[in-house]
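The same chain A turns up in both complexes below, where it pairs with chain B and then with chain C.
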Partner chain A sequence: MLAGLALSTATGRIEGFDFQFSKGRLAADEIFDSATSPPARYVIELARRISAAASSADLLVIANPLLPLKAEQIAGWITGSAFGPMLLADADGFPLLYCLPRAAFAEIEPFLLMLSAVDADLDQRLLTGLTGLSLPVHRLAGLTIGEYPISTPGGWFQGSLRQRVLKLTTANAIKIVESRSDWRNVPVAAYHPYHAGSIVFFAMASRDVTTPLVKRHVICSSYKDIIAGTASTLAPIWLKLPFLPRDGSVGEPHYFVHSLDRLGEAVLKDNFLVFMRYSRVSAVSPFHMIDHDRFSLGESLTRTEHLRQVQPPLVSERCAAPAAPLRVLFHVTGGLPIKNYPLDYAKVAIRCLRALGIQISVIGRPDLEPFGAVSVEADETDSLIAAVREHHIFIGLDSFPHHYVRNVMGWPTIGLFGTTGSANFGGGWSAQYRALDANLACHPCGAETSCPVFGSSECINYARPEHLVAAILSMAEQVYGFAVE
Partner chain B sequence: MGVLSDFDLDGLIAEYGCRYLIETGTGIGRGVEEAAKHDFLQVYSIEIMHKLALEVALRFADNPKVTIIHGKSEKGLKEAMEEMEPGVPAIFWLDAHFPGADFRMASYDSERNHDLRLPLERELRLLAEHRDISRDVILIDDLRIYENADYEEGPCQPAALPAPEFRHVRFVDEILGKTHHIERSLRRTGYLTAHPLKKSGA
Partner chain C sequence: MLVLAFFDTGFLGGDERWRRLREARPASRQHFPLNLPSTLGQYDLAKPEQTAPVVGMARQAGIDGFVIDCRWLGGAYRHDAAVLAPFCGEAFGLAFRWRNGEEPVWADGAAGLEQVERAGALVAALKDAPAVRLGGRPVVIVEDPKHLAAPAAVIAALRQAAEQAGLPGLYLIANRAEDKGRFLSVGFDSLIDPSPEEWHSCTPSNRATGLDYLEVMAGMKDSADYLDRFFPYLTFTVSRMIERERRGKVMPRVFASFHNWLRHPDGGSTHLMAGSRPFDTHLFELFVENSMLFAHSHFPAGERAIFLQSWNGWLDGTQIEPSLLDGDLVFNAARAAIDRGRYMILTRGETPGEIDDVLKERVALLCEAAKGAL
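For the complex of A and B:
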């Protein structure tokens, strides 16, 4: 799937390398699987890995990461032709291989992010501008890739409209390189403008990258408060548009084109824009989204100990109030019924905890007050922070409050997961964090409207109330020394 | 509902030096369309209903002089005021009631929270707190929610009326009475307008 060659022009030696997307081990022949990385990010990673393994090579051939290519196959295409920098494409111009001097990959690394990986002519023009080399595009007359599929079993979902997005960012990069002699000083800006939870992950990832390819972040201006709280290291470029709705009523490529209009010529002239929204189904990858984003931003993540999940959290705080009375804050409304913690589960958990003398608050749910909870308003980041600080433990769904409280505040948190993957959006089990789900065969289904199995509006993958209560008591004991009298 | 074209925007720009227009309640963008025709440095429009905000924002995405802010009016007003050049007069075009009701996305009485349903008083206090509004023009729509009179489009639906103790505009006099000339109009659903007593540069 991910392949390349190292060539030595002096000796004629060709060395092949095959990699696969990691399913969790991050073995030597695996590459981190990141849903927010554009295809070009894997071109960079392949070049890094092959370059490190073949230090005597002077040319690297990197296969298009969108295509299921093997080193043996691409070696067959290369053998017989004169070695030299070039691009190989199919009969219609879909790029198959990028062949550049080994040193060039390192010299222009951040700018390689703007390769489209779907249009050889555009990529050739960009690479020519970046390297100053004469780069012919050779076409394999007998091979036609055809239209790239909308979706694949591996989770790619580039589709034709997304290919246009990639081409637009490449075209913008070409304009910069061809019109500005100082293009090397032009920063790379990640286009990742929404949604709130994703912004938390991206911002926290930026604090955790040693080799950043990206300096700026295009982000909806309604998230200013989130960026202020997360201490992102990326300079924001505010996109003055309401965020993309999640109901599919506006397509992401359509929104992207309007974003370019909104950002205006000045921003496009002064920034290499790279599309870093989700390009793959995140649940296919076993890793946490912060690590997905760290990879996108430039971290290679070649060993499991590099993963954020297995390291101490960047932020860790706790409530300063005495352990008793224990106060727990719930957020059980996910915006869509299928994302809500089931009502009956919530009622039972609240009643049980109240019976144990534990004080319960629930964000925005007056209907749960008859069962012993107090409904509190926390619909802005400031009010959320204030509410959390008054409680020992936060219980949240796979949504912004949970991600902010856990990752930015570092507060003792229990994450409840129904339709989405706890490994991707929660991850881990420690004194201050638990991710709970029922781990049913259907999980994670990713449904956003109703249960795809039963058609119901509630998800039965959520942890049962007894498991939730047990987790709360366990965390309260571990973190605060709380014991039920 | 009122319309911005009922007002002589060019005249207000010329007479009071207003260079910004800030609207609460974007709706389907009629106010933005009207404002965009005039010589403002920037038009800000604030809409709490995401669907409405996005539709209009995408329509005006290529017009750098128009900014649609999605969110509660107070948050949007603060965001707009942070960007506006201090001391440059503005026109504030304020919707008096819960947004969405004019566009069949909510009923006039659908919001139980009084503060959210009738944000006008908090909006005016916020403006007075965050900037010198003595040179700003304030245009308020739907006066019939607050006062009975013989309005062109008739009285307010009873269900949309606030509790009697909240049905007044005394706060407008309190906030603007010393710096503005306040007038009532019976056109459409009623307007309350506040023009500065001192003009720009005076």
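For the complex of A and C:
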């Protein structure tokens, strides 16, 4: 639930607006659901939407997106008090709503990204600096939000450690605004330093934004080749830290603190930092991660036709070699055992393809050579590109090679999805791309260790080998005119 | 992609059905209590002002039509399409579930002439209803296809009667989980997964033993442990989707919950459980959206549908309508899932061409051989 009010001080008119996170319809009362957007991004979006719908209002009230608030509820809090710019918080200082002049929301829009949405006093200080207005913080004595849960039914995960991250970015912003008269010229930098697949999506999104709020991108220096290959429009700020381990041994908030240390004072002084790793559960939203990132970077995405996922891909290429012999490159290892394509499925698919006269290479799996595949090394972006170019079709899992090959190279690709959803991480649906899964009713579960239904270490939602082989043959026929003898 | 919901028209012209619901009391602590309506109230479908919001709310959820019962009563086929018809149109229509199992004539292999007459009567009863269409034809679910002694002849008679009545034909769906060469080959257009009661798609979590029986008889155990069947919702629904394309052209039936103890006062009821609750909205959403994607990927354009059990099946706890105990949780989940499913279908576009059946068979055989060689 997302809500706000438009107030007219001259007439005393109050108009309420209720929105919900979209499940795909993107109706007039829905707002795009982006996992990489911090709560403050929704403050901006609400202000945009309400401002456009209520052009005669002079004050806007925006409810804290982290809270399940309705316009009727916040109107009840506002009614009876004198209208004016202010913040309303609960008894402990958790922000409930922000009331600012309508024009101010537009004037300081990119800098609103640094609102914490979890600390009214910090947000008041930031907004005072940004607007020059005197902004009282009123507290609602009878309401205490209490400890915000680690995850909510509405899709947020903003437990206390993550709240500290938000407060740190707000505190840094306050420092800049209060110490630099030229703060309006200080760029906003997105903190989104890992992982490789996410970097591909973020970089591709940066090329597809018409109203950017962000100019720079804090990113692990080990991803220089990806940034170069994707032609990101965001200026990189290299973070000289190894990327976050996937085994959960280091939490994101802790990594963030180490990142600040490593970035150093100069970077913090010269950049507003905004946290754009996940704030919401990605699978709650039906939309693709590139569109999640486009929204985070500034696009409003109010209609389905605005979404990259329903448009032709930005890049489309294909193999120049003759259609026969058909050559297929297979990436079967997804980084976690449950994300791997089931071993027996892979063996069967390889044997079947070989029997049909198709040459098959696998990335980094010499153990599959006895079944007829050739193992190739492609552990760097350059070697991946070189390997892909020698094959007609790439088959990948929900991991970096798939995302790069599909989105950056535009190569004919088949995506195999088990625990995660093709809607979030796939590559669209065209003659040059197919996403395959078994449509099980548990999908996507997001499991990272074992199957939550059957307890197995492999995921049974992967498409069976006969479906995979059929999809390869069908794509080969459509894209290359290949026919099995 | 059509989303059609089973609809109970029994809430018509009196309070009897609602009274039965109000007075229903579980006989075991393991039985979830039945729920009562909130937003739409205990409506009487005979009153248009009460029926209009029912259809309106279903449309709001993204449902394209209702499936209502048609049965032989008092010498004629009867249904209640007339009470819903004023609220139907281009975007909302009706399909029928033909309760053929209640008519002995269909099991009689020697009653060919009478069956032809009945087929004509059935089509005459359906022909003016505002129909949703699959394959361009009005939809009829044959509830008990095994009850047809001569299914091919019955289907031919129905099609002929439809033609004579000026209909573009009928889209006939057999209520069976698996084809096994018995239904599609005799002329059915497709199949539909049976209801949870008819098809226990996984093993129950209570597998009663002789000792259980003795303990029940000795008064040491709840008889529901022995007589009823309890299933974990997730396993039950996942099992319905595993390798489902191998079952033939079977349309998915989805449900948020199911507990039909009211219909089984002496035991033998079926219960789906999500932990300690009758439903889990997240799992239900996944069931719906994956079913929609399956239908999109595996059925021809114009024949893609899933069936939601149900809009108002209050008596077996399957209702989507907002309720006193659950508010609009299940309604919102249905709406969200349908929205998500439709959006995902939009992103996938039309299913690309497939390889021909001969090559498909060759691939299947090669895979089978490769599997055997592992």
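In this section, the second predicted complex is superposed on the first by the 484 of 485 C-alpha atoms of A that agree within 3 Å, B and C clash if a C-alpha of one lies under 4 Å from a C-alpha of the other, contacts with A are read in each partner's own complex, and residues count from 1 in each chain.
FYI, a residue touches a chain if its C-beta (ideal position, glycine included) is under 8 Å from a C-beta of that chain, and two chains touch if they have at least 3 such contacts.
Owing to the predicted nature of the structure, the values given are computational and were not obtained by experimental measurement.
**Q** Once the structures are superposed on A, label A:Cys352 by its partner contacts, choosing first (chain B), second (chain C), both or neither.
**A** It touches chain C, and chain B stays clear.
**Q** So, does A:Met475 touch the first partner chain B, the second partner chain C, both, or neither?
**A** Touch partner of A:Met475: chain C, not chain B.
**Q** Which holds for A:Arg464: it touches chain B only (first), chain C only (second), both, or neither?
**A** A:Arg464: touches chain C, not chain B.
**Q** Would you sort A:Ser375 into first (chain B), second (chain C), both or neither based on which partner it touches?
**A** After superposing on A, A:Ser375 lies clear of both chain B and chain C.
**Q** Given the touch rule stated above, what does A:Thr233 touch, chain B (first), chain C (second), both, or neither?
**A** neither
**Q** For A:Pro245, using the defined touch cut-off, is the partner it touches chain B, chain C, both, or neither? Pick first, second, both or neither.
**A** Only chain B; A:Pro245 stays clear of chain C.
**Q** Please work out whether A:Ser450 is in contact with chain B alone, chain C alone, both, or neither, and reply first, second, both or neither.
**A** neither
**Q** Thinking of the overlay built on chain A, is A:Gln73 touched by chain B (first), by chain C (second), by both, or by neither?
**A** neither
**Q** When the two structures are overlaid on chain A, which partner does A:Arg262 contact: first (chain B), second (chain C), both, or neither?
**A** It touches chain B, and chain C stays clear.
**Q** Please name the chain, chain B or chain C, that touches the greater number of residues in chain A.
**A** C
**Q** On chain A, what residues does chain B touch that chain C touches as well?
**A** Looking at chain A, the two contact sets are disjoint.
**Q** Considering only the defined contacts, which chain C positions touch chain A in the complex?
**A** Touch residues, chain C against chain A: 234-235, 237-238, 240-244, 283, 286-287, 290-291, 293-294, 297, 335-337, 339-344, 346-349, 352-355, 359-360, 363-364, 366-367, 370-371, 373-374.
**Q** Residues of chain A touching chain B in their complex?
**A** Against chain B, chain A makes touches at 221-222, 224, 240-245, 249-250, 255, 258-259, 261-262, 264, 380.
**Q** Inside the complex, what are the residues of chain B that reach chain A?
**A** 50-51, 53-54, 57-58, 61-62, 64, 67-71, 75, 79
**Q** Give every residue of chain A touching chain C within the complex, in rising order.
**A** Touching chain C: residues 22-25, 286-288, 304, 307, 309-310, 344, 347-349, 351-352, 355-356, 422-423, 426, 428-431, 434-435, 438-444, 453, 460, 464-466, 469-470, 473-475, 477-478, 484 of chain A.
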